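So that you can tell them apart, the chains are marked A, B, C, D and E in the order they are listed, and the count of residues begins at 1 in each.
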Amino acid sequence: MISALVYADDVAESYDDLEAARTAAGTTWVHAAEATDEEIRAVQSAFDLHPLAIDDLRGDVRAKTEEYRDYTFVLLKTMRLTPGETTFEKEVATSPVGVFVGRDWVVSLGLDEARPVQRVMDAARRGDERLLQHGPDFTAYRVVDVIVDAYFDLLDGIETDIEEIEEEVTVSTDSETIEKINDVRRDLLSFRKQAWPAREAVGSLARGDPKQVQPQTEKYFRDVYDHLVQIVDLTETYRDLVSGARDIYLNTVSQSTNEVMKVLTVVATIFIPLTFVVGVYGMNFADSPYNMPELGWTFGYPAVMIGMGLIVAILLAHFRQRGYL
Amino acid sequence: MISALVYADDVAESYDDLEAARTAAGTTWVHAAEATDEEIRAVQSAFDLHPLAIDDLRGDVRAKTEEYRDYTFVLLKTMRLTPGETTFEKEVATSPVGVFVGRDWVVSLGLDEARPVQRVMDAARRGDERLLQHGPDFTAYRVVDVIVDAYFDLLDGIETDIEEIEEEVTVSTDSETIEKINDVRRDLLSFRKQAWPAREAVGSLARGDPKQVQPQTEKYFRDVYDHLVQIVDLTETYRDLVSGARDIYLNTVSQSTNEVMKVLTVVATIFIPLTFVVGVYGMNFADSPYNMPELGWTFGYPAVMIGMGLIVAILLAHFRQRGYL
Amino acid sequence: MISALVYADDVAESYDDLEAARTAAGTTWVHAAEATDEEIRAVQSAFDLHPLAIDDLRGDVRAKTEEYRDYTFVLLKTMRLTPGETTFEKEVATSPVGVFVGRDWVVSLGLDEARPVQRVMDAARRGDERLLQHGPDFTAYRVVDVIVDAYFDLLDGIETDIEEIEEEVTVSTDSETIEKINDVRRDLLSFRKQAWPAREAVGSLARGDPKQVQPQTEKYFRDVYDHLVQIVDLTETYRDLVSGARDIYLNTVSQSTNEVMKVLTVVATIFIPLTFVVGVYGMNFADSPYNMPELGWTFGYPAVMIGMGLIVAILLAHFRQRGYL
Amino acid sequence: MISALVYADDVAESYDDLEAARTAAGTTWVHAAEATDEEIRAVQSAFDLHPLAIDDLRGDVRAKTEEYRDYTFVLLKTMRLTPGETTFEKEVATSPVGVFVGRDWVVSLGLDEARPVQRVMDAARRGDERLLQHGPDFTAYRVVDVIVDAYFDLLDGIETDIEEIEEEVTVSTDSETIEKINDVRRDLLSFRKQAWPAREAVGSLARGDPKQVQPQTEKYFRDVYDHLVQIVDLTETYRDLVSGARDIYLNTVSQSTNEVMKVLTVVATIFIPLTFVVGVYGMNFADSPYNMPELGWTFGYPAVMIGMGLIVAILLAHFRQRGYL
Amino acid sequence: MISALVYADDVAESYDDLEAARTAAGTTWVHAAEATDEEIRAVQSAFDLHPLAIDDLRGDVRAKTEEYRDYTFVLLKTMRLTPGETTFEKEVATSPVGVFVGRDWVVSLGLDEARPVQRVMDAARRGDERLLQHGPDFTAYRVVDVIVDAYFDLLDGIETDIEEIEEEVTVSTDSETIEKINDVRRDLLSFRKQAWPAREAVGSLARGDPKQVQPQTEKYFRDVYDHLVQIVDLTETYRDLVSGARDIYLNTVSQSTNEVMKVLTVVATIFIPLTFVVGVYGMNFADSPYNMPELGWTFGYPAVMIGMGLIVAILLAHFRQRGYL
């Protein structure tokens, strides 16, 4: 769906004809959301866009800023977490948005609906003053800005997952937990893979390298650049948190094995000697004053039971002291 | 709370009217602690501060130094450890302070009470000579310096926690210990996240990039820069200490499992064979010269007991030799 | 097998004589697939290629771009996964392709069949317009492009292996799994070892360093460079995925040990005390009112059995609560 | 203790009066070992040293080279291992030495005795030709050189500790060993923390940045710089050795647990079945041709014993084959 | 042993007198293998070599290229694996070779026999055309080249060791294996420590920094530089292979413990309940219709045996299903 808008000072006007929009006085902004091949071709021919740039837009290419003779091409990715079957089978879905900034026009092409960009266009239509009074580089800034701002939402989603995991790892030895940890790690990897080149791409705009970026707009791009630096930073921090959570999880598993071993050791260590003792008095030696005379005692059984009780008491005290109980 | 101070040579005077303070002869320093939105707006309009800078101050933005046409904007964070429910649930709380350095004025805006900055202002009021006789860049240096100095206090707190952990890890297999280790790791992560950009921000002042920083003040900023380099260094060292502590802890857990296993092995290895022996003499074979004649011996029982005692002695000697006891 | 082609505008003509091809008007492209030593010598003398470059082609040398007086030498590697005895004994097989770009000629020498390059030549023969109308640097771009594109196929193969492993690690404790993981890690190592220098080599072409690369062709090389950046990126991501898979595998092994321990602990903890109890009633104490009077009871046996049943029930409840069952 | 020396050509003369020393013809070298606050103040005022430099000297500041208007300030640390209660409780003790290099004077201030520097001064007094005939930058080189050379002694001490640990880790499962490993790691951390900035500081002298360093002296500072590069290198190598030792230690602990488990498994696996067998013949079934007729056999007992002997033999053979014994 | 050779065009002549060799027309090459202190002094005075360079040669200094006024000094290390007592106690032995390249002379000083260099000299004597017809920088290239080529032999030795280890780790739980792994890691560390600075040193020659290196020789040094880049690369790859082998080894140990545990669990889980059952029938309850009537049955014993057989069958089926057998 192509929207063509021309604006200058306080007036914004929609156009149906791309050619007319391009030649009208004022800043022309053409935005195509969920752009079909046909639409892309139409825009491409109207604004004479280079085939390589269009290929980059369609291919799975990293974010970048490239200067062409008559315009600057900025390629960014919108990103969101797609819910999977379970909570943690989310994936980072990306979709490219290409922004071409010419002398008095901007073209933005999105392969998906690119809602944040649409909201900027709506604002322009409703008469957003700053958009109307600045040039195409400011419009490009607004588009880049809303795309990058959406990255924070994605990171918030990941943070929520990490917090859920952090609560889980101190109690769970479930092997699902390690899979969750790995899923979040994958999401961070995918995200970082996109965020790094985006930082470079916006950095080049913030330094005012392309001639279409005017000095007074650099400051705004620098602001977006700061956001991206912070985003990349957060990614690193989250990676560290995730690996901290994994350490705690692995420790929880170790602790659990340790505890199981203690239970076994306590039970076995108490009862194996006792079983030996009762085994002794089950032996069938011939009557003789030297062969187990205690079997003949009147209080033989209570004496043995008390003796075993004492052994148990001593062992328990010993275990308590060692911290096994 | 806004404090406006104008000073030159040895005289410092408080003002209520921002506009008057700005136009008075001498260096004007306006400081707003726990600045409300209204106060910020007042200062912003009096000194014509750029909205993007004010946005950065309010948002959770990394420390930075940015040059504007008429002033340089330095954004720093005050940091302190907030006590949590338990000793180790401390968190690094940060609060931004923005410092604007103009030709003959300084504006510092803090969202929290920013006590160290307040102390510098008190010193100015009481007639701190160096402050009164140098320009606004020196005042900015003092503000930056006290903020950075407070980082050392925070690191001291973290060091105390690490020392506590280091004593604990050699004896404890408690899973709380690994959580403490992780908490300190988180604190260091948060802290480092803030300290790195602060280093960059002050580095730019130390190199004298902004035109408001005079050559004789660069040396002072270089001093603060050295402190920040040292702070970032310490952070790395502490991270290494923490991961060393974690290794020792994990080893303590392994050792503990190892020891539990040894206890089990020693007890089981001694008593299982003995139980077998007494089981043998509990068998009910028919009388026959070939069926357990020892049952009929007069000293059968003592002989068996002595035999078992020998087995125990041999096993104990063996275990001692292998280091199990 | 040497193919010599001369083309200009829309006409492409095959030559048998290298010397004639070289001096013919238009762009000369000589390609030798599965080049023998003789063929290499023939091409070398016809185009006056430097012996060091030929040595590099034959040796196991990293990809690179080197400028000589009259031409630029680009050395790349074709790569593919060779199937091993089992699925995972694949190896990364590499074979060098050297591309020499002169003023009006291109020479490409491949030690193996270098099929992708052959396909470009076939396209030229069939009258590929873009090839015919651009200079030798564009031909070189096409050759470099098809070689680099084949890297993506190899990475796809590795990705398939990683996915297979990721499914396996959550259930298998087989030590073959860790060998598979290591094999994929080796493949990635070999691949990355080749991809890094290839990135540098193409980067130099993309910056237009060699004088044979014309400004309008730089853009195309930049495209290949972007692909290589993405390839190196993917390699890093895959390494992270593989090490994530290893963590899950090691955890699966730990879990398995943990589970085995739980089975042992439950069985031993239930039956060892019971065996003690029945041992007690197997003791041969003399008749006496104090020696195990329960042996004389009419319901002694059922009472003991019920008692032991209670013990089992309590222990099972306890184990269920602790999550051992 | 302040020593003031003035030398030129072959003559060296001691002075008591700093002012006189400074104005005397020739190179003046003032060295203060274990400098008290008073002594520092005296030297500071005599040579007009900047308060910030003196603060750096007193504070715990990283090594650095700073240029002031009239002199260059080099701050280095002497380092040595202080013996702790046990062999491995050594710590890296550091003490700052500040070297100020002026046009025709050198001032060196050490907070501890700084023996190596003292030895250089003694050499000057005794008429060390090279010192007497070169300028103050050569004297500074000598001071810097002896301080850096002492780092090698410290590294030798650490290497000895590592070798001791490497012998220990293959046999010890003592948890003291991991503490020793951690202590050495700490020492290396502390050392590296000081060596890195020292490298930077001397690097700046080796590049001849400060105007006091003459071209012919650069070569000597480059030599010291090479030493520091090597020192930093060694630190990294030692860190790798220490982490290798830790791996072996952790493996020794694992092996030990593994061995304990094998002992338990062998003993339990042999005797538990035997105990079952003898338990069978301890059952009290009524006489009946179907109820354990072997109890009535003449050779029942020897037959059972031989049967059990066979079981043991088979199990032992099985265990030997699996490598448990 | 000093060899002095003077050559020009196609003639090479040996000299005994260093001074005469130096002043003779043509390129003078003096090579001292296993150079004694005396020989070094002789060469030093004849060619006026700087004492610092000679000190570097004698000390354990990193490879480097240093320019002096009249010559360039290249310091490299020959390296070889010295066999230790066992296969894996090899160590990397290094020995320095210093190459001084003057306007029309080359001096090479080796502290050990430096055989590869000797072979180059022999080639010169026998009339190696390329050596005779190029200047001293080409001779220096040949010397550097043969030293660096020998590094590949050393790496081949290390690769053989790694392959041996890789076969071993999948079956061995022997703690000797981890020591072998650590030994190879040490060798790689030592090797890398030398290879890194060598790369820098040759890189400076390849860029043609020293004025003695002529443009047409740069290409040759670039070739050696490529080799060193590849060598450093291989070192990194080998480190990764070694750490992969360690992972497999540690997993083999874990697997072994896991298996031992399974054996114990299977045996104990089968026989402990059975022992309980036979214990039951060994109890001495008084005759009563409620006290173990099965003891009085004619087929009591076979019934119990069949019952226990069933229990064993069920347990075995269960264990098979869980993969314990």
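General remarks:
Heads up, the rule we're going with is that a residue touches a chain if its C-beta (ideal position, glycine included) is under 8 Å from a C-beta of that chain, and two chains touch if they have at least 3 such contacts.
In UniProt terms, the chains line up like this: A, B, C, D, E = Magnesium transport protein CorA.
Note that the coordinates shown come from a computational prediction; the quantities given were computed from them, not determined experimentally.
Of all residue numbers seen at the subunit A-subunit B contact, under half occur in both copies; the interface is built from largely non-matching residues. Annotation: 25 Å between the Cα-based centres of subunit C and subunit E.
One simple way to say how far apart two chains are is to compare their mean CA positions; for subunit B and subunit C this gives 40 Å.
In subunit A, the residues that touch at least two other chains are 254, 257, 261, 264, 268, 272, 275, 279, 282-284. Order of chains round the ring, counted from subunit D and going first to subunit E: D, E, C, A, B.
Contact residues on subunit C toward subunit E in their complex (touch as defined above): 50, 52, 55-56, 60-62, 64, 66, 173, 175, 178-179, 182, 185-186, 189-190, 193, 197, 246, 250, 253-254, 256-257, 260-261, 263-264, 267-268, 271-272, 274-275, 278-279, 281-284, 295-302, 304.
Contacts from subunit A toward subunit B in the complex involve residues 170, 219-220, 222-223, 226, 229-230, 233, 237, 240-241, 244, 247-248, 251-252, 254-255, 257-258, 261-262, 264-265, 268-269, 272-273, 275-276, 279-280, 282-286, 288, 290-292, 323-324.
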